[in-house]
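Everything below concerns the one structure shown next.
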Amino acid sequence: MHEELKKLVCDANIELQKRNLVIYSWGNVSGIDRSAGIVAIKPSGVSYDQLTPDKIVLVDLAGKVVEGNLNPSSDTPTHLELYRSFKSIGGICHTHSTSATIWSQACREIPCLGTTHADYFYGPVPVTKSLTKKEIQSDYELNTGKAIVKRFAKIDPLQMQAVLIANHGPFTWGKSPAQAVESMVVLEEIATTALRTIVLQHKPMKVSQYLLDKHFFRKHGKNAYYGQKGK
Amino acid sequence: MHEELKKLVCDANIELQKRNLVIYSWGNVSGIDRSAGIVAIKPSGVSYDQLTPDKIVLVDLAGKVVEGNLNPSSDTPTHLELYRSFKSIGGICHTHSTSATIWSQACREIPCLGTTHADYFYGPVPVTKSLTKKEIQSDYELNTGKAIVKRFAKIDPLQMQAVLIANHGPFTWGKSPAQAVESMVVLEEIATTALRTIVLQHKPMKVSQYLLDKHFFRKHGKNAYYGQKGK
Amino acid sequence: MHEELKKLVCDANIELQKRNLVIYSWGNVSGIDRSAGIVAIKPSGVSYDQLTPDKIVLVDLAGKVVEGNLNPSSDTPTHLELYRSFKSIGGICHTHSTSATIWSQACREIPCLGTTHADYFYGPVPVTKSLTKKEIQSDYELNTGKAIVKRFAKIDPLQMQAVLIANHGPFTWGKSPAQAVESMVVLEEIATTALRTIVLQHKPMKVSQYLLDKHFFRKHGKNAYYGQKGK
Amino acid sequence: MHEELKKLVCDANIELQKRNLVIYSWGNVSGIDRSAGIVAIKPSGVSYDQLTPDKIVLVDLAGKVVEGNLNPSSDTPTHLELYRSFKSIGGICHTHSTSATIWSQACREIPCLGTTHADYFYGPVPVTKSLTKKEIQSDYELNTGKAIVKRFAKIDPLQMQAVLIANHGPFTWGKSPAQAVESMVVLEEIATTALRTIVLQHKPMKVSQYLLDKHFFRKHGKNAYYGQKGK
């Protein structure tokens, strides 16, 4: 069942290692079959070198394992909360990639300092509030998901495919598992350049609203003219 | 037609990836046949792994596609403005390479802090003015080219083969597509060392005019004695 | 004798190079057979490319060579002091890995600034006191071990599998030689992110005690639920 | 003639690229046959991929080419001045490696902040004075060598096998071409860690004289006990 989805999720997890976003088993990618309500996700603690599609675990949106002999990622409740709340997304990614983790540890949103950022993320990359003692001590991973959803009350998750968990690290997403990984690769790069821009220029100017609009919408939406659409 | 040029442009684009200056399809190189007035340029949104000479697009200096089934780079109008204004150049390169992008985002020129810089760039690497709202909202890519040309009113583009676009990233050029890429590789390195020199020494001394002259002209021009000229 | 242990120690040393933690012969890993009281350790000054299990040196806990034609690592007395004092550990690693060495040179403990740190190290990574002139001039390597043991008077070495030697570099350990190397890989990563978090945010907030507890104990101890235990 | 020396010098130059110390043709290594008074050096502007022993140029100590069809490195007069003044050395290396160049551009000596430094360099790595206008405009490369020699008036070049040229980059040396490259690899590493230690700790403590003595002399000189001497 869901062989195609398991293959896509497996490939997307392996891509994390190829892109130097993870060491050991420090990241996970999932994907969803919306019509069936089934999520495919990396098993917990398994290294990318040993990952094969048959090891990908299938769970329903309530978190019940429906296929697979291994435990799903311990972050599964976070993924599920995002799938339940963000109906437009098809894949989710979590890592502890170096530069995005630095911004998460600093509990600071990443301001939009250039067009590389504007090409992918429509505004500053938000950071969640720190979880309370109670939220950490029970249902921690579920509450992490709820903190993200709360932070996105007024944000379209397709215009902002990334978030920083305070004190922790990034989650990204997209229409597919592969796009979730691409969002993570780009987040890591803009996290690096933003950090070093601040080192060079203590308070760098944020890009103007019209430059942000120009770059985001020349790549996304119905008037986009980047790439080979319609060819 | 222009098979040789398309091959050179294709190779130069692929070199961007080998030199770790790009991810995904974040950079482009073009070359010009001056006698025919034909520019060969990377197609928009195509990854370097999939690039072959037959996918390179040919356009005339007014921007009309004269050969190729794919859309040319969305940055084509910038390239064409530079070819129309800088008659001595034969190739152009654009990337979002990490360190050069940091200086662009900080809207700061790169001062000449050492002989590595002086070996290639005759003085500080200039940064353009930020574009106005109007310049961004219509003919954005053309206006980017015009901002570069305006900044170079008193600069010889063969003595300064690089520029930083404010809030955006670098363009470089040279007598050929390969030289445009070499300028980009060197720009990235001197952008890295200049940033870190400032981190170490808040206000480092710029190199003297005579040290700049010595290093630039021992490698360039009629009295150059670096390399194997005349051998 | 102890062929299995020598193989594990050899592999763990070679892993240091694969993980970019060492150049030349700048690091060493050892392992212990507790029942026999025998320690297997890298020979001094031998490069990882040339290392084979038969070159691994066996010493007893008093430092006497019991097998092997080569000199053991000059850091052997430090390893032995740790094995004598920390009865629960089975492998030890020492490197001059870049970021951990920076914290050692700064003589600063690494504060726990995020969950990546909390996943592996239960609190700040401690730094030893600087050794006195007398401690340096005689039995230097033994005294280095004693400084570590003194610093760990109130710390469980299995909850904190790393230490920074003031002015020098890190030691890590674990239940096996391979785990000692894993501790070093993780230490290097959290040393990098902690340094850059401080660059971004002058005084970043440390993680709360409950977040530290949550992350450390979801991976370690009897209530751990990360990974595939019991599967 | 001198086939062995040309092979060693060729290999040492190629090692620069393997160790990521150079791009294009930005570095050079030489070696000397003291009995014959012959120096073998990299040809100018030739890339490491194309370098073979037969392209290595032989010059005498006065700078006259005695074998080879190519121009020797434009830095040859600097190398020769060092060979004439430092009788104990057998190989010299020059690069623009990133971190050592940063310290050169900042015109700052590298303080001894840890034992990694102390293992190789006996004290702070010195920086030359900036050359005067006159010294730059004629016999520039020879005057660079003289500035180094002047700076070493009271320093033993075998205890300090590296120097930073103000505004420029590093030179290193050793008893052989291979050792000159090893000095450069280590210099680059300690330049990186020293820079970042200062970022972390504005004024880090320098290592004590007795710690410097301990580490330098446990690896060098007649009482050294690191490695496999006598085995």
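Per-chain residue numbering starts at 1, and chain names A, B, C and D are given in the order in which the chains are listed.
Heads up, the rule we're going with is that a contact is a pair of C-beta atoms (placed from the backbone, for glycine too) under 8 Å apart; a residue touches a chain by one contact, two chains touch by 3 or more.
Predicted model only: the values in this text are computed from it and were never measured.
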Number of steps on the shortest touching-chain route linking subunit B and subunit C: 2
Least step count from subunit B to subunit D, where 1 means the two chains touch: 1
Cα superposition of subunit A on its sequence copy subunit C - rotation in ° rounded to nearest 5: 90
Proportion of interface numbers common to subunit C and subunit D (over half same, under half different): different
Chain separated most widely from subunit B, comparing mean CA positions: C
Centre distance in Å when subunit A and subunit B are each reduced to the mean of their C-alpha atoms: 33
Centre-of-Cα separation between subunit D and subunit A, whole angstrom: 47
Multi-chain contact residues (two or more partners), subunit D: 199
Pairs of chains satisfying the touch condition: A-B, A-C, B-D, C-D
Residue ranges of subunit D touching subunit C (in the complex, touch as defined): 113-116, 182, 185-186, 189, 192-194, 196-197, 199-201, 204-205, 207-208, 210-211, 214, 218, 225-228, 231
Subunit B to subunit A touching residues, read off their complex: 23-24, 26, 43-46, 69-71, 74, 96, 98-99, 101-108, 130-131, 133, 136-137, 140, 167-169, 195, 198-199
